[in-house]
Each structure stands twice: as structure tokens, then as C-alpha cells.
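Notes follow once the structure below has been shown.
For reference, chains read A, B and C in written order, and residue numbers begin at 1 within each chain.
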Amino acid sequence: MKAEEKNTELVVSAFHDALERTPIEKTRVCMVSDIPFPPRLIRPLGVDFFHTTRGRAIPFATGMKLGNPKLKVVVFIGDLVTLGGNHFVHAGRRNMDILIICVNDSIYTRIAGEELPVKLERIRFSSYGSFEESFNIPHLANSCGAVYIARWTALHKEELSGSISYALQKNGFSLIDVLSQKSDILEFYHTNSEVREEEDTNNVAITEDKKIIVGKFIDRQRPTFIDSYNKQLSRVMGDKFVKIEV
Amino acid sequence: MEASKTLTIEKEQRHPMDELLRMDRIPHIWCPGCGIGAAVSAFAAALEKLEFDLDKVCVVSGIGCTGRVAGYIKLDSFHTTHGRAIPFATGIKLGNPDLKVVVFSGDGDLVSIGGNHFIHAARRNIDMVVICVNNFIYAMTGGQVAPTTPIPAYTTTSPFGNFEPPSNIPRLAEAAGAVYVARWTALHLRRLTESIVEAFQRPGFSVVEVISPCSMYYSRINKLGEGIDMLRFYHDNAIIRHGEPTENLDIDYQKQIIIGRFVDRERPTFMDSYRKWLSGAESISKEKVDEKN
Amino acid sequence: MKANPEDVFTGVYYIDGDVACAYGAIAAGCKFLAGYPITPSTEAAEAFVRRAPEVGALFIQMEDELGSIAAVLGAAWAGKKAMTITSGPGFSLMMENIGLGAALEIPFVIINIQRGGPSTGVPTRTGQADIMQSRWGSHGDYEVIALSPDSPQESFEFMIKAFNLAERYRCPVMLMSDECVGHMTEKVVIPPASEIEIEPRRFYKGPKEDYIPYKRESDLVSPIVKAGDGYNLYIIGLTHDERGYPISDEEALKKDLDKISTNRYLVDKIRKNRDDIIEVVEDQIDGAEVVVVSYGITSRVALKAIEQARSDGIKVGSLRLITVWPFPEKRIEEIAARVKGFVVPEINYGQVAFEVDRCSHGEANVILVPHGGASVHDPKDILGAIHRVASEKKRYENVIEYTTGLEMSVFGKRLAEIARK
């Protein structure tokens, strides 16, 4: 890969590796994204790809999963929490069986006391820096009830692939936060990230004073939306109810 | 002599809250047994204690039963669109930071359609008080399921019983960054009033959740009695536990409800961060201007 | 093909328009509803959810209308007939994704039980002011189909029509009902399934390797597939070519018509097929001096006025729009050449009236009988307008507004006062 290629493409490449090594029928896998990935990146994956309006990939994926529960829907979302925040919170609460890969290219200007080598032209709008705090996404996901939460950087391609492969076989609302800024900072991620498996999500916010914490934070079981639906309606309707097959 | 007697009688008949209510719109539309009126009374009592300049307090509501509150309170009241009370209030606050802004709306308006605005305003720590009346249902539109409806309550859009896990509002508020989070019920009015006072005194995004009966829909459809029966239920089943970790605050159907003050912390508010950034930006631009000269 | 007997609740009912919409959708084979409560449409969702488990349909109450419409698009790609139900404010929220649905040529149905507007308006009362929005609401070029029922019976029947049209033309179809029809309880006869024709989804039947997503057949519609069938779909909302791939800047600059023509087709597939889509109900148009053009609940109110006008000796014809969009432009043009004028009563301050005027090309007068909403017209006003058109000697260039009794009593005096100051 050429150095100038966006790190978001590394994420797709990790997804490709995960698909190859996971015992799952590729025809079952659907990719829903609000990022307009070009055909040359997507076609080699061999899955169905759907592009949606910004931030609405999660409800689109919900509709797709409920329309055909046999599909495994993977959401590649760029705008997880800005436009898509509400959908994220409610899909998590319902434990919708979808895997979300957040292609997180938020601009952080300072991490662990170091200035990021991000070219200033790219952040013209805030050449004086930004002042708003950003979300601690893994913690938000945890409070909404996600069953699998992990964070990796575009550098940790192997681990990311492993996480995706594991999550593809897990049922429930899963989130993998992938830090992948649009610049040549793999070197930076190498020196400034730290793997801490099962860290309390309260502590994984990305702040100026500490390294980026990556790893798998949450892995648990909860009944999915369709499980709960089947259980409730069977209880009330008895044999008359035909369960939804997943 | 007769004249002064009549005057005295009139004075005694005025209600302490009259100053704060739009009396020409009373009687209100809320059902007998509804808890929203109680929340409004607590709010009025809190305002009295705080002794604010009432010209500088704005009330913003959304759509729904609780959304009607703005229409009955005699302050600068704004009855906005569904779910957008918080961004509207954000605009008011940023437009004139001297104003005190309170968002008075329901669980559906604030956490369902307004959920995104809720978490972002908490993240930014915008200085406002959010009073969220939670009656576990969409009452104004006829009793549909809400994101706070417990399992397995009946509603018109969960005719087989709700099966979706409900939102835990204090937990969501805390995870998003709110600095003050409390929960009371329509029964615990004295403590609710104190909480609203505290919420106003804390700079930043404060959330006070008020568990309220809905006698027309929630308790009727689920055969739980009327408003008074729900209040009795709160009396017998609400436990005060200040500082309880928010992950334990899920509300299960007709089980114990934990109430109290859960989060009380400090974070720089949006305006603090903005002012700090502004002074930094100003000095950078000043340097640039100096460089050019 | 015939409807599935399990989906059709054959029988005679006494139900309201909202419930009839839900039953109609189920009869048409709708298996997915994502919605959000909004007065006056909630009864439709409630009726759907009560019957959904027995027909294998799924209902989800999303967190907002934006989520609802996105979920509908997703479910349509998963192969299900999908719809959402809303009213004015929700309709506005859904506009961006309606555009996406139109651009991706997804078949879906939206029911808009119109209410008083704008903004929060009058939630519990009727209106017909979303008509123009249904066609032009989202940004960019695309065409939709919109139907307007005047009774619970038609609400049932038009839902089936709506789903059939959506499948045939792969476009958004809107049922523009209103609160009056939605909350009106009337007799609804649901026939046996063998008497209901439903259009199955136009699935592609050729070899997988030859599948080109937007390669069109003679009626400019392309056959569709669904997710998970191994077609390696690439579906994107950017303006795309036949393969579904986004066109590059260079291709757009070169005005490579073959590449950018997808937008052309979005519009043409409805415009070129309009003769098959447009449906109107005509009555005594031949020899008429005045023609009343109406739709929805207003057409029922207009009947009374037309009856009275005919007994007053005026030759009045009636053109009732079943499909509001696409608009029957040619028919209006033909009629305009032969009549004195049109009367267009609608519960808004002028929407379809301007379409009628546009298509008359100055050959006939057009009188709008407006109404601010919250109730239906007084037939006397429509009658007055008919009389005026019949007796009018002057030819007006633009639409003239008839001053209704309501306007006179409420606004007339106030406006006169203001004018005097």
C-alpha cells in the first residue's frame, strides 16, 4: 500500500482478511455504509454493498436485518455519533444483531502530549484547534448495552481482522472503533497507542494526557431483538406464532 | 367597609403559583391523575426559592403531554418541534449566555427522537437544566410504546407486551457527560424541588428525571389503577439511594425504583471552553496580523 | 398474481381509514412496517402491529422518522414489501431518504395522513397541504406517484394499487390521505383474495454474471434483486451509471450522456409511462361548461355542490384525481379548450389549482376555492365558485381565489380593518 492511501482503506482490507478466515457464507454478509467507498475497494470483497445517507446506516441496517434475518449485516459508518448518534443508542438498547465498524477519522490535534503530524490545510475550519470534547465512544456503547466493544487503530491490522472475524460470528450489537485518520500517521499510532484488554470503558476516552488505549473491552451475551421478539410472542400467542428464523 | 372585605377575600383566593402560570389558559389539558402538573408545581417552587430575575428564565418544550408545559408557564416560553427542544434551547443560551434556560419535556421527546441532541448537549456540557418527565409511554398520541417502556408492559404498539429493553435515562446522561443527574417521582415533590434548585445552581448540563403516572394510558392499559394508585406504588417501592452507580438504575416493570441524586461532578462548560479557545485564537490571529505588518 | 389468502382479511367491516390502510397494506403483501407515532396516523400502525404476527409481518417503532424511512429502504433491499406511515412533520423529516429511495429506485410506500400545517399545525384535524411537497419535497430530479383516497374503502383499495405501482415502477409511492378520511369510520368490504391482483416484485431472472443493476427494460424500469443472493451488489446514492458505479468528475464534465443519463431515467420512467399510471374519475365532462377538479375528501364535499349546480341548470362536469402525481396534464389541456373554466376546491391555499392553471395554457379560467384546514369545505362555497365560473365573461390570466364564507366572516372584516388603517 502506498503511504498516501487513506487509512480507511486499511480497514476495508482488514475486513477482507476477516472474511477470508471466518467460516461464514459471503453471500449472507451485507455491507451498509454512509461512506461512498469506490467500486475497486468493494468488489473484491464479494459481498453486497449498500450506500446510505450520512449517519443513517444503522437504521438502514436494522431494516435490512429485520427484512431478512438470515443476513449478517456489517455497518461501516463514518458518522457514528454526529448525525447517527440517536440511531446508535437505540439500536444498542434493542441489541439489534448488527456489527458496526466505526471508521473513526475524527481529527485529534493533540494526543499524549504530542502534536499529531496532521497537515493544517486539512483542518482549515479549525486552524486554531477545536475546543469541544469528543465522546468516549466505547463507554457510550457500553451504556447502551453493546455486547462486543473493541478499539483498534489502522495500524493494528492483524488484531482488527481478528476482532472482525470474532464479531461476525457473534450475535448482537457489536462495535469496533477503528482509528484511521486520513494521513500518514501509522508511525504515530505505533508510539502512542497501548493495548489493554478488558479495560474499564470509563477510562478509554481519548485525551491529551495519555496514550490511546486499544483492545477488546467488552464481550458478553444478551438476547437480541429477534430473540426477545420470538420469546415474547411465543409466550403470548403459543403455538399460533411462527418464530423468526435467524 | 364592604369594599375592603371583598378585597381581602379575593387576595386569599389567589394561588401562590398564579404569578408563574398563564392563568388565562387554565384549566390545563392534562388528565386527572397525571403527574406533570406536580412537576410544574415543583418547578415553580424551585424558581421561587432561587429568586431569579424571572425575565431572564426561558422554558423550552417539545411535543407531547409534557411538551405542553411551556404553554402554561408565564416565562419566555417556547413550544418547539418534536425532539428539538434541546437544540432550540442551545441556540437561546448561546445567543444570550445571561439567560437561564430550562428544557421541560417528556421521555419520548427527549430520549427517542431527541436522543441525539440529548447526548451531544451533554457532551458539550451546555449550561441548561433538563427536566424529563418519564411516564413510560407516548401519551399525547394515544399510548404507544416508548423507549422507556418496561418489559413486558402493554401499549397500543406493543399489543403483545413490550419486549425491547428500555433506556436508562440517568445512565445515558452520565455516559454522555452530564454533570448533575437526579431522579425523583411525582410523589417526592419536596426533594424534586430541591433537586431542581441544585440543578440550576450547577453550571453545565443537568438532568432531573421525574417518574410520573399516566392514568389515561400506561396505568389504564396495564390495569395498574389510576394516578393515585401509581403514587401509592411509588411510595411503597421507591428507594432513595444517593450516588448509586447509574448502571443499577434500570426500571423493571412494577418493581423497585431507585431514586436520588446520582451524578454531581464538574466539567468545563461549553462557554468556558469556548472562551478559552477564543482567547487562544485571538492571540494567534493577532500574531498573524503582527507578522504581516 | 392473486393475493395470498392468509394476508386478506375477507369480510365486511366498519373501520376507519387508518385501519383500512393497514389492512390494505397487509393484503398487498407488505411484510415490514417501520414507523413512529404521529397523530393522526397512529391507528394505522396499531392496526398493523396487532395483525402482523399472524401474517408473518414485522413492525418496529423506530426512534424517529429518519430512522423509520431508512429502515424501510433497508427492508426493501432485503426483499420485503416495506412501508412507513406518517403525517406532515414526519414527512418533512423523511425527505432526504425519500430522495435516496428514488435515486436507488427502491420500491416502497409512504402513507401520509395529512393534517393541519405548517409545522406542528393542527394535529387532530384535516388538511391537504402536502401535495406539492410529495412531488418536490426532496432535492434533485426524480418523480413519484401519489394517490388520494376519499374514503376508508378507497384507503384499502389504493394501498394495493400503491404497492403494485411501487413494484412495477421501482419508485416511491405516496398515499396522500388526510385526517378526515383517516379517522372516518365507514363500511369497508374486503373481497376474497382471489379477487385481488397484486404485482410481485420484478426480480431479475437471468444468469448472475450477466446482471447489470440499472439496465432497463422497454418501460425504462430495471429488474431488481435482493441482498444476500450472491449478486455482489454495489448500490450507492451518488449519481451512478448502469452498473451502479458512481460517475467520475471527468465523465460528468464530458457530458457523457450514456453515463449521466440515470437521472433522466428516474424522471422518464414515470413521465413516459404516465398513460398507464394516471387514473382519474370523470363525470359528465362532455358538454360541460364548468369542470370541478378535486381529490381526496374534498371530492365528496364537492359532490353536493355539483348536484345543486346541476339542478340550477349549469352543466357541471367532475374530474376526480385518483393519482395526483403524475398529474393528468393532457386531459386538463383537452378539457380547457372546451370549457369556460375549472373550479378547484382544496384544503390548502392553492396547490393543485396552479397545476390546473398551468395545463390550461390560458384557455380556461381557474378558480381556487381555498380552505385553511382543520375542517372540510362548505359546499355552498364550491357552489358559489361554480356559479361564478359559469357566469364569468372575463378571461383571467392567473388563478383567481374565491372568497369563501369562512374567509369573509373571519378574515374579510379584519383585512378590511387593516386596509383602512
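Some observations on this one:
Note that contacts are C-beta pairs under 8 Å (C-beta built on N, C-alpha and C of every residue); 3 or more make two chains touch, one makes a residue touch a chain.
Everything numeric in this text was worked out from a predicted model, so none of it was measured.
For chain A, the chain whose average C-alpha position is most distant is C.
Of all chain pairs, the one joined by the greatest number of contacting C-beta pairs is A-C. As a whole-number value, the distance joining the C-alpha centres of chain A and chain C reads 38 Å. If each chain is reduced to the centroid of its CA atoms, chain A and chain B end up 32 Å from each other.
Among the residues of chain C, those touching two or more other chains are numbered 53, 63-64. The residues of chain A that reach two or more other chains are 86, 89-90, 233, 237, listed in rising order.
Looking at chain B, one finds that residues 112-113, 115, 147, 160 touch two or more other chains.
On chain C, the positions that touch chain B within their shared complex are 36-39, 42-43, 45-46, 49-50, 53, 59, 61, 63-65, 89, 119-120.
Put simply, chain A touches chain B in their complex at residues 81, 83-86, 89-90, 93-95, 128-136, 139-140, 142-145, 222, 225, 228-229, 231-233, 235-237.
Residue ranges on chain B touching chain C, taken from their complex, read 63, 79, 81-83, 112-113, 115, 138, 140-142, 144-145, 147, 156-160. Residue ranges on chain B touching chain A, taken from their complex, read 112-116, 119-120, 123-125, 147, 151-152, 160-168, 171-172, 174-177, 246-247, 267, 270, 273-274, 276-277, 280-281, 284-285. Only residues 27-28, 30, 32, 36, 38-39, 42-43, 46-53, 56-68, 70-71, 86-87, 89-90, 233, 237, 240-242, 244 of chain A touch chain C when the two sit together in their complex.
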